[in-house]
Amino acid sequence: MALLEVQSIGKSFRGLRALHDVSFSIPEGAIHAMIGPNGAGKTTCFNVMAGVYKPDGGSIHFNGRPITGLRPDQICRAGIGRTFQVVKPFPGLSVLDNVVVGALNATGSVARARVEAMRVLALLHLADKAKHPAASLTLPERKRVEVARAMATGPKLLLLDEVMAGLRPTEVDEMVAVFRRVNQETGLTILLIEHVMRAVMALAQRIVVLHYGEKICEGAPADVVRDPAVLECYLGEEAL
Amino acid sequence: MFDLYLNAALSGALTGLVYGLMALGLSVIFGVVRVVNFAHGEMMTGAMYGAILLAQTFKMDPLVAMLPVALIMFFLGYWLQRGLINAFVTRPEHTQFILLVAVAIILVNGQLIAFGPNARNVQVDYALESYQFGSIILDKVRIYAALAALAVSAALFAFFRLTLTGRAIRACADNFLGAQVVGLNVKRLYALTFGIGAACLGAAGCLMLLLVDVTPVQGPSYTLLAFIIVIVGGMGSLTGALLSGLLIGVSEALAGALFDPSAKSMFTFALLVLVLLFRPQGLLGRRP
Amino acid sequence: MMAAFPQLFAGLPRRALIALGVFFALLLVAPWLVNAYVLSILVVVLYFAYAGQAWNIMMGFAGQLSLGHSLYVGLGAYAAAMMFTKFGFNPWVGLLVAVLATTAMGAIIGFLAFRFGIGGVYFAILTIAFAEFTRIGFDHWTWLGGSGGLFLPVSNLSSNDLLNLRGAPVMFYYVMLGMCVAALAFCRVLLASRLGYYWQAIRENEEAAAALGINVFRYKMIAVMLSAAMTAFAGVFYAFYYNNLFPEQIFSMGRSIELILGPIIGGLGTLFGPIVGAFVLTPLADGLTEVLQWAGVEVPGVKQVFYGFCLLLVVVFLPNGIWPVLARRFGLAREN
């Protein structure tokens, strides 16, 4: 029984079809990636999964329960954490407090939440920035805070939306190592939207490819990067 | 009996068109510049006092005074936006509110200090005359005011539809970043828009003066009324503001005729609550 | 509860503790140090400090701008006055009724505004509309005096009856001081609790807050209702201190604005902001009126223009209020 089952979801915005008949599933403990050209509908898919949009059709099951149409806060409490493509920190709060808000989803005690928050910050190499106001961080650091915050909620599934964008290769490798470690030690299931293929190839056990709102390919990384449909959507048709 | 209510309703509709013009200014300002103008009513009473001064000094009929008052208001609005409010467009929303609340407080009490608390008005020659259509009797002042309001509104609509600047302003409203990318001078357009909104207020104020007295303390009530009209009509919809003004003018008049005149505004508030309960995007607004 | 007492001061640098202690000690003995006039000003200051704290919960913590808070003051005042003059209940029983009335009203307003998650403007306008609606309503409610006002019997000032809140200004001073201290402690606890964190998250970014499991609607409602409930006491106090209630005054928009000036100028969302704001504004405004009277200028509206300019200056140059600047300057800020 897969942890996440997405079945035939569709979503249109006033006539513009953003998603059509997208289905895939993720087993517990796996790391999957979702790739596709810009505008393919990846973030829309995330937003449907995270409860920001209600799908026009189809269903989503998490841990055996249907979660289609639930509010974002209900989805978080059900065990799905997410980051935003355009980061949304709490600018007036310190980095630590940002993550504490996340941790308070997992525990009702502020004291325990602070401990957990520090632990997650250390995992993401942000412990030294804990007392800094979130507004004073650089963009890559803010992305890490966003990840830390989502992780602190104690999710079973983590949805990461382009968290590697703008990172240098060494930083990418660091993040990859963090995710791998968390996945191995705690069994956290991860789905990442990514353009940075370095991260995708290093982390993903399986890749789903979206193009114009439809799934055009799904499979192991080695197969996907050779698939002609995938190559065509990225590189365009070639007169062979 | 029916005639009484019909008279009241029609009178109310005419007044409502002036309300609509006032709310139009707010809709323009909010729709484009995204500034919540809490000083709206206070700016209008300011315009009304301006018209009174013109009437006293030059014996100018408020209908004529519309032009100079609107022009002065345009410049005042332009510079208010350019000089003060512009900096707040990117700041958190609540600081914007509070800035305009501060402006409102200064305006109201400035007017109180300058003109005193007593009601002032302008007496035009035809103030007591009316037109009669069968059993319907309508004050001339009300008819002229309503016609003028319609004319100004039409001009505004034409401006936004037909002129290049007007369309540029609408572009700004629809897509701030895109407008900048395309090279529009957004700051200047914002100031222009605020100026236009203020000019509407100036015109509306002159027309309102034909219908009622002015006291400084009315400012906040007009602000509230303008917001209710815009919310009922739909934030960002110009036609909505006019229609809603009409609706509220009529309901106010009927409430005054059916119940206690002082309870008129309670009806308006009840309308606000109903709209927020059943159609929060307003009559013609889009779902947020 | 007493065990939590030391925690109230945890994390405060020593300077701040000493300053706080000195300040509180001064306030405690103030009635012996100052004359009746200054004492009456202090009562007003404490009143605004308390009411400001109550409003600050809704706005400073949770980010919901209420511009019609005089509604809760008025409802609280009339509720308690009604219980006293019509049914003979003492003000503490009246307080219960007052809290019920204001909380219910807050719930209605919150529900209407937050149901569709519509932004701050709708809420602010709604609060103004409700306050105005209630003002007109009470103006016509002759059983409670209508526009002519409701009066409480003023008894002699020689005996202090705490149960019925009848007595000398000194008694009122200590009651208000006590409430201020209680409010401060309460807010301190709130801010450091899960509720406080969630409110601040909502204030900073609602979308992100929801993604972290926060039921935004529920917590906004709690903020509104709690703020309304706390403000009820300010109303009860007002009724029994001034002994007369006029709808035109107590529900007026001017009063709503006065209430929020302290917290905004002092520092939104901070613990000491409302207090600092009240202590700065009230004496300044009163001083201004005195100076003008001495100069022979008796123009209504000058005090308010002054308030307006203060607000303007603060919002433009010190958007976070006076207190954060002071705290940094004198090293009084809490190490988080």
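Per-chain residue numbering starts at 1, and chain names A, B and C are given in the order in which the chains are listed.
The working rule: a residue touches a chain if its C-beta (ideal position, glycine included) is under 8 Å from a C-beta of that chain, and two chains touch if they have at least 3 such contacts.
This structure is a prediction, so every number in the text was calculated from the model and none was measured.
Novice: Can you tell me, using the touch rule above, whether these chains form a line, ring, star, complete graph or other shape?
Specialist: line
Novice: Taking each chain's centre as the mean of its C-alpha atoms, give the chain farthest from subunit A.
Specialist: Using the mean of the C-alpha atoms as each chain's centre, the farthest one from subunit A is B.
Novice: Using the stated contact rule, I'd like to know whether B-C or A-C comes out ahead in C-beta pair count.
Specialist: When A-C is set beside B-C, the one with more contacts is B-C.
Novice: So, what's the distance in Å between the C-alpha centres of subunit B and subunit A?
Specialist: Computed from C-alpha means, the inter-chain centre distance equals 48 Å.
Novice: Quick one: report the Å distance separating subunit B from subunit C, using the average Cα coordinate of each chain.
Specialist: 33
Novice: Rounded to the nearest whole Å, what is the centre-to-centre distance of subunit A and subunit C, using the mean of the C-alpha atoms as each centre?
Specialist: Spacing between the chain centres: roughly 44 Å.
Novice: Pull out every residue in subunit C that's touching 2 or more other chains.
Specialist: none
Novice: Please name which positions on subunit B make contact with subunit C in the complex.
Specialist: These residues of subunit B touch subunit C: 36, 84, 87, 91, 93-95, 97-99, 101-106, 108-110, 112-113, 117, 216, 220-221, 224, 227-228, 231, 235, 260, 262-263, 265-266, 269-270, 272-273, 276-277, 280, 288.
Novice: Could you list, by residue number, the parts of subunit C that touch subunit A in their complex?
Specialist: These residues of subunit C touch subunit A: 192-194, 197-198, 200-201, 203-205, 207-216, 269, 336.
Novice: What residues of subunit C sit close enough to touch subunit B in their complex?
Specialist: My answer: residues 59, 63, 65, 67, 112-113, 115-116, 118-122, 124-126, 128-130, 132-133, 136-137, 139-140, 253, 257, 264, 268, 299-302, 304-305, 307-309, 311-312, 315-316, 319.
Novice: Over in the complex, which subunit A residues touch subunit C? Could you list them?
Specialist: By the definition above, subunit A touches subunit C via 50, 52, 71-73, 76-77, 81-82, 84, 88-94, 96-97, 100-102, 104-105, 108-110, 113, 131, 149-150, 153.
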